[in-house]
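Have a look at the structure below, then the notes.
Letters A, B and C mark the chains as written, and numbering starts fresh at 1 in each.
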Amino acid sequence: DEVRMYARDVVLKEIEKHAADGLGRVDYALWSGGGNVVKHSEPYVVAKWSYWFSMSNRNGVHAESYKMLKPSFGEPGQCFPLKGSSGFVQIRLRTPIVPEAITLEHVAKSVAYDRSSAPRDCRISGWLQGHDSDVAVAEKMFLLTEFTYDLEKSSVQTFNVLDPAGSGVVDTVRLDFTSNHGSSSHTCMYRLRVHGHEPDHVSMMAMQY
Amino acid sequence: DEVRMYARDVVLKEIEKHAADGLGRVDYALWSGGGNVVKHSEPYVVAKWSYWFSMSNRNGVHAESYKMLKPSFGEPGQCFPLKGSSGFVQIRLRTPIVPEAITLEHVAKSVAYDRSSAPRDCRISGWLQGHDSDVAVAEKMFLLTEFTYDLEKSSVQTFNVLDPAGSGVVDTVRLDFTSNHGSSSHTCMYRLRVHGHEPDHVSMMAMQY
Amino acid sequence: DEVRMYARDVVLKEIEKHAADGLGRVDYALWSGGGNVVKHSEPYVVAKWSYWFSMSNRNGVHAESYKMLKPSFGEPGQCFPLKGSSGFVQIRLRTPIVPEAITLEHVAKSVAYDRSSAPRDCRISGWLQGHDSDVAVAEKMFLLTEFTYDLEKSSVQTFNVLDPAGSGVVDTVRLDFTSNHGSSSHTCMYRLRVHGHEPDHVSMMAMQY
């Protein structure tokens, strides 16, 4: 009877977490929350996609790019494919935050047709873009974390920011991948999440001056 | 070994319920089942939404209103936002039913950016609209339940109809909220469900004459 | 404590399976993976649907047919309805496979308004269409399995291919249903999945000559 209650308790807690986006953690890159892909390397356009691409890209941002900022619900294909085995995506967050961790997700092994298109070696940078133009970005950009996406682990992998204390407030995050898991044609971005907390007003003031 | 089997049993049952819309209970307000928002107080339109609003409202019903009649799947932003801290929505059910309970849902705490936009004090009324015009509604309308949405409890909260025996058949339900959890700008409706059962034909006849 | 760890283990494994499309099994009919409905018997068009139908059917394939090749997430109404109590659908898979099993799914009992529209007696055939025209199909078509969809069992029902060794490679699958669970007006296809494995190149060569 104790076992019964205990088991039920564990189950309900884990299902609650599962229902809460799988991690139960706020995602500031989420498209439905206001996040957006603002720049990326050349997309991978196959016949099926090309029509949509030609008619609906905006400022060079692919119309399907938002797919990497929303849940995939276990569906292969719900991703944003980039050309080749290296490239980048740049994401404007819903609001400036102090970043704490990054989650990268590919489709689960059990339902995937082929996982050679998963990104492998990744590097995440961040900065505060504000309303500036692009010019001075390089000097403000700093490294958040570097990692290798591992096909043998869970499909949802979270990596802590290397130096949370040292990193400032960011409103833009960039993922550079320098390799994938074998595909020479393309790399699929299923989902990128950015975790952290909103700075209090005092630290925002300090930061801006 | 008994524990093993028992634990697995509990898990599968709870996951089945989770997969069955979280509650395993029929929802007569569900949009994909034929429910519709037919009237509401002033929507909250921010820059991002305004274009869509201007081009796609119909009979004064906002094009995004259907979002409150479908699952949110743990995504913040999958709601219908109304202006201010009080207001209403009126929903035509898929079919006339004897109402038993109402479920109100906001986004889960663990993934929410801010829950000050959650509705707080609510009042649910119902009536049988049929093909009538709006004129005589007031006299037929009756109270189904009143409740306070509590941010400390589970994000999915079900409230029984006060007097299921006393309430008649309804095909329209109205939620009035008189306060929210702090936002002065808007109140977000993530999802409203209406539970009950279809009357048998005898009681329908009795009711209509 | 051992129980604690054990229970958590079971839970996490089952939730992982649930998150992986419920079965944790590759589906070669999945629309987001490249599967398509290419032919079907007369669709069931009610007022609400007719506008969409008239404007968006292509080669006689209903614009909503893809709904039967994607998850329903516990939502009644997320199906492709066909007229009457018998009919068929023909599906082009994402790639040629050696078929192993078929999964047919209807909406869960606990959230359904009415399940009389569920298919009942079914027959699945398969063949390799390649780039041929339709002419010679009949001679190449072979039976994969026959089954009865049972409303008393789980809503997701998997049936093994009768003779996996004997069946060849297929890229097209056809479901014929000869009865449903009581509705005289229509039969709803919530989801059909096709499981199997991609043939190695040697067997493909052998097959094509």
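One rule holds in what follows: a contact is a pair of C-beta atoms (placed from the backbone, for glycine too) under 8 Å apart; a residue touches a chain by one contact, two chains touch by 3 or more.
Please read these numbers as outputs of a predicted model, since none were measured by experiment.
If you sketch which chains touch which, every chain touches every other chain without exception.
Taking shared numbers over all numbers used, the chain A to chain C interface scores under half, which places it in the different class. Between chain B and chain C the CA-based rotation angle works out to 120°, given as a multiple of 5. Note on chain placement: the centre of chain A and the centre of chain C lie 32 Å apart, centres being C-alpha means.
Taken residue by residue, chain B touches two or more other chains at 3, 7, 11, 15, 18, 22, 73, whereas all remaining positions touch fewer.
Contact residues of chain C toward chain B in the complex are 3, 6-7, 10-11, 14-15, 18, 22, 48, 73-78, 108, 110-113, 154. Chain B makes touch with chain C in their complex at residues 3-4, 7-8, 11-12, 15-22, 24-28, 30, 32-34, 70-71, 73, 94-95.
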